[in-house]
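Below you'll find the structures, each written out as structure tokens.
Presented sequentially are two complexes of chain A, the first with chain B as partner and the second with chain C.
On to the complex of A and B.
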């Protein structure tokens, strides 16, 4: 795991590594098959600047309004020693009245250094594990080893100790209306929380305690209905955890991908950058747009070579084995004879083509 | 006292114009005399409108003043802007005058007559516990005339610290930081008053809650005084407390009986009080032993802990110049004692 580090440093080409955050780690799990993203993330390459250099700067980012809204809601929930949050937890979980301790780990004595914050997080959590002291830990700074590189997770969560078990509380500003929230948002929150759960479990392990003391159930605190009142929803993140663990295990085997790459490959900005990026296979899907800085470049590439993935993940899965749109069309109109393993797909494509022409004839 | 406020107001306006003329004309002596007259007129106005002893403007006075007077206060507040301006053009011409203009201007924004630090002091005195600027703002606007300018609050603590370090104990009170119980560092975003006992200014793990409950009791006490039904803004404030204290919200949603709130808050406070007091006392003891005067008020930061006081401590939080290892070591001091 550590012997890939020099290779990864070379890939990055002299620039300091970019740290992962829960967002990037969560994004990794949404497209595990993408070698390009895997390699670049493992090396801590600044994908944004690479994409910009290639002429595919991503024009978006998170909306400033969304960020402000999120911060305001979080501040409201956490005001006066998390008064609203404590009320919620008492209501929903029967948190005992004496359990109100609140430790702010965001700043250590006016200092925001990461090592310092992490050291303090460790100390307080170790103490909580041993003596049960402490209830709410705001902004713990956690660490996760990713491809041999320690990534600090800038967390926007509260670790919450309840009857000897730790839970992650994630405060999000999208509304839960009549018990329902936007599934995409919830899924994204679950993926992010899973990263924190995993990092907290690793920390427990390092401290010599049972990682199982971190619950797989996280609490999502969101505004209720159309009001600003917070509500808490338990969220089971076991599936996300499983994906994440698998993906992280896969990430540490990044050396196998590296072995297949030329020895002098580097993503340093320069004339050879495009060449270097093309040398690593990507697996573009439209969902990449939401999470990956390289998405515009990969989309362009996928469209140029007519990859079926550009039409969406389900299309690619339906056309299993047929890589390009051109091949699919040729199979459909019978101009290309399918090999044995594609016979079934080809038959379905022909049926689809026949149905389509019939429908169009009927309309005419 | 006998003069009607309207007459006084006209006179104040007149005098202000005269001061400005004198200053721009370079006649400093006349300006000084006129200003003295102006101050007298303003204080007469205070007496006429707000009653005796309005300079202190205690909470009860302000409450009795009621909404009508509150409007008046805002009115003169807005013309008070002129007061600040009057002093400003003087620039270097009259250093003395510009100093007055400076201190006055802080309070003479539209939001009320008092300087921000006094507004904050009043709100904090009412609350009796360390509080975040947001709570201070809502308490002030609920019980006192005018509003606290939120933007001025951000630099307040730093200004106070600077003032204390240049001339220690020159002011009767300072608005200072709450100290975290473990590291005796300034707690984020909490304001306190320097005249409070050190224990009251310590923020341990339980303190946010006990402070919240203490504040609830004090606010309810204050609101319940007089027996009349509290104003809408006070009700909103009470509800904010009551909705987060078990057993406090007895009536319909949004209305709170101050007596019920007080009782519920006291009941919960009894649960936490002892443990919290213990932590506070221990931390306060350490603070007395380890910190110098300024640090006791404004907290010790990890960076530059043993360095010269002059190296811009007031510059706000920033990365420690001493490496992380040094900081980690000093971060552990006192941690075990918690």
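On to the complex of A and C.
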């Protein structure tokens, strides 16, 4: 780990590293094969700035209406030492929560670094585990090893200790209407919560406690129906945890990728930026659009070289993994003789091409 | 699989609120068949309002796979490759598989970011030259919101009432009741699935409102809510054309050279299908991706527009205390966001109208008219639709949806050789030339001889049917047969029906040598309806008989903030 650290600093070109958060980690696991993203994220490169310099500014943005709504809702739930939240846990979920202590771990005297804040989180959680004291720990600063690199997480969640176990409580401002929320938003929340559960479990392990003391059941706090009233829903994130652990284990180790890269590589803005970015292979898929600032650049690159993956993973799968549009079309019209491993795909494509033209000619 | 993975946002943004990625605003349609699997309390946004969590996910996926998102076969993928190579969208259908009304109600909703169903504006109308824009100048003001709902109700309900056409008298039903069917039905077109979801939510948030008491609303508001809920329910039904999302409908008929995610942007999709003069598909789509020159088709607005234009305009209106000039300014900026999509919607409608109508489309529209007639006729006697269906109702509805899906899949294949080609590729159908024919062959093994002609069809298709499988002729489904053997010369069929009642076939009913034919194991129509228990007999496995639903004051007073 220490071996690659200087390299990573150089990649960043002297600017301070960007923090990971659960979104970036969840996104990382959605495309574990992308070396470009892996390296840039591991080095904490400001991808937004890189993309902008390359002429592909990512139009990510957030409406102030949504921000306001989210902040108002969160403030309301947390007001007066989380009074509404406690009521919810007691009444809605029927938990016999005794006297409540609320610790905000974000509030540390002075302007301290992440290491110090993480140390404070560790200390308080350790004490809680030993003594059973403490109920709600807001803004814990967690750490998770990503591809051999320590990533700090600043979750906007509350760790909730109840009967000797910890639960993650995540406050989201999307509405739960008649017990149903938008599946995509719930799925995203579950993926993010799983990252926190995992990080908190690792912390338990490091502190010499059973990681199982962090529950796989997280509580999602959302507005109910069309009101501002919060409602709490338990969410079992075991499936997301399993995916996350498998993907993190599979993430190509960054050292291995770095070994193959030129020594003087740097993503510092300048003339050589495009070349530096191209030196690390990307694996673009349309879902990158939802989560990676480099997506527009990579899409352009993928389209320019006629990658079938730019059309979607399912298209590439349909084509038996043929990567290039040109190759697939040549196999389909028979102008290219397939290699043995592509024989089946080629036969399928030729049949498809014949059936399409029969149907279209017949109709004409 | 998961192309619209819900991970919405850029790193570094903290906080419990929505974040928009570049495509989150486009309201794009679903992933390639993969529905997000996590649900709160086991329901999913679409499908059945009800108690069958797992099953619901399935119904949703069924529609997504079968009808809405093609992207599931090598044939569609090949069409996408051809689109990339030619720079223009390629056909996925030779006929139109949906009904297109003479004067559909095009309706483009915009909502306030971060809220479940806070309307911001809507542009609607039944002709390209006749748009009306309604807006809520202060979207957080409850009274203005209900005033908007009342205005919208006036227009939508008027469209519903004027779309009934002449009444057809039908022969009396089994129990001797008089039956009628309206000659026409209203059709609503929205830009995308997000628009459908918004109408569903607007319906949910208005249908329980009370027209008297402390939170009284205009009488038309709950009526609108019930109709919008009804439209959204019908949208879930495969093959229904009462409420359509333009992106989905276009995608059913054309393949573009971009991914399903990008196809969720209506203007980009249309750019591929019908690029303006001097541009090819990719160039037209690239233009459409710029939110400044081409605002999103809603219901989410462009975050930069929100921050730089909309928020100051709303603030100015608020500060002025409802000043007319401030309101006009707000109206102008919102109209600027809606007008481009308005034009695109009518171009989409015109493109779809140019396609010849599929043979089974009028039949499905007749079912839509039946459903409309029934709901319209019984409107006064019914309660607003329940928040969640009872178990029996949910199971029944799911069963109906599955049957509709089945019938719709088969009908589209019979209507359209390009859709049938999908089934030929998967081996459930085969086409070719008749090489041998024995039209007068008799089966004399039984008591009485039966007409059982033999037909051998030479085919290169990858047939995956078992010997003994019943198949029918794609061009004339009543002509049925059984697979006898797969030989070198092709498939040998024994024809079993659809040739008349005599011992020699009706002239022209049996294809002759040299004829091109296509046979399939698909069946036109669907399997029979299953029987479900009455609600008072709901089994204990499903919670026992549910309580009768009666709207309460609480429903009517629900906050809408």
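Methods note: the second predicted complex is superposed on the first by the 333 of 364 C-alpha atoms of A that agree within 3 Å, B and C clash if a C-alpha of one lies under 4 Å from a C-alpha of the other, contacts with A are read in each partner's own complex, and residues count from 1 in each chain.
The criterion applied here is as follows: a residue touches a chain if its C-beta (ideal position, glycine included) is under 8 Å from a C-beta of that chain, and two chains touch if they have at least 3 such contacts.
Worth saying up front: this structure is predicted, and the values here are computed from it rather than measured.
Contacts of A:346 after superposition: neither chain B nor chain C is touched. Look at A:102: by the touch rule set out above, it reaches chain B but stays clear of chain C. In the superposition on chain A, contact of A:355 is made with chain C only, not with chain B.
Taking chain A as the reference, the larger set of touched residues comes from C, when chain B and chain C are compared.
Residue contacts after overlaying the shared chain place A:220 against chain C, while chain B stays out of touching range.
Of the two partner chains, chain B is the only one that A:90 touches; chain C does not reach it. Contact with neither chain B nor chain C is seen for A:159 once the two complexes are overlaid on the shared chain. Interface of chain B with chain A (complex): residues 132, 134-135, 180, 183, 185-188, 205-209, 211-212, 215, 243-244, 246, 268, 271-272, 275, 299-303, 317, 319-320, 324, 327-328, 331-332, 335. Residues 18-21, 23-24, 26-27, 30, 48, 58-71, 73-74, 154, 156, 170-188, 190-191, 220, 223, 225-229, 233, 235, 239-240, 285-287, 289-291, 293, 295-296, 303, 306, 308, 310-315, 318-319, 325, 328-329, 332, 348-349, 351-356, 358-360, 362-363 of chain A are the ones touching chain C in the complex. Per the touch definition, chain C reaches chain A in the complex via residues 1-24, 32-33, 35-41, 43-45, 49, 71-82, 84-85, 91, 94, 112-117, 197, 201, 204-205, 257-262, 282, 291, 301-304, 306-307, 311, 387-388, 417-418, 420-421, 424-425, 431, 460-462, 558-561.
Across the complex, chain B is touched by residues 75, 79-84, 86-87, 90, 97-98, 100-104, 106-113, 115-116, 119-120, 123, 133-134 of chain A.
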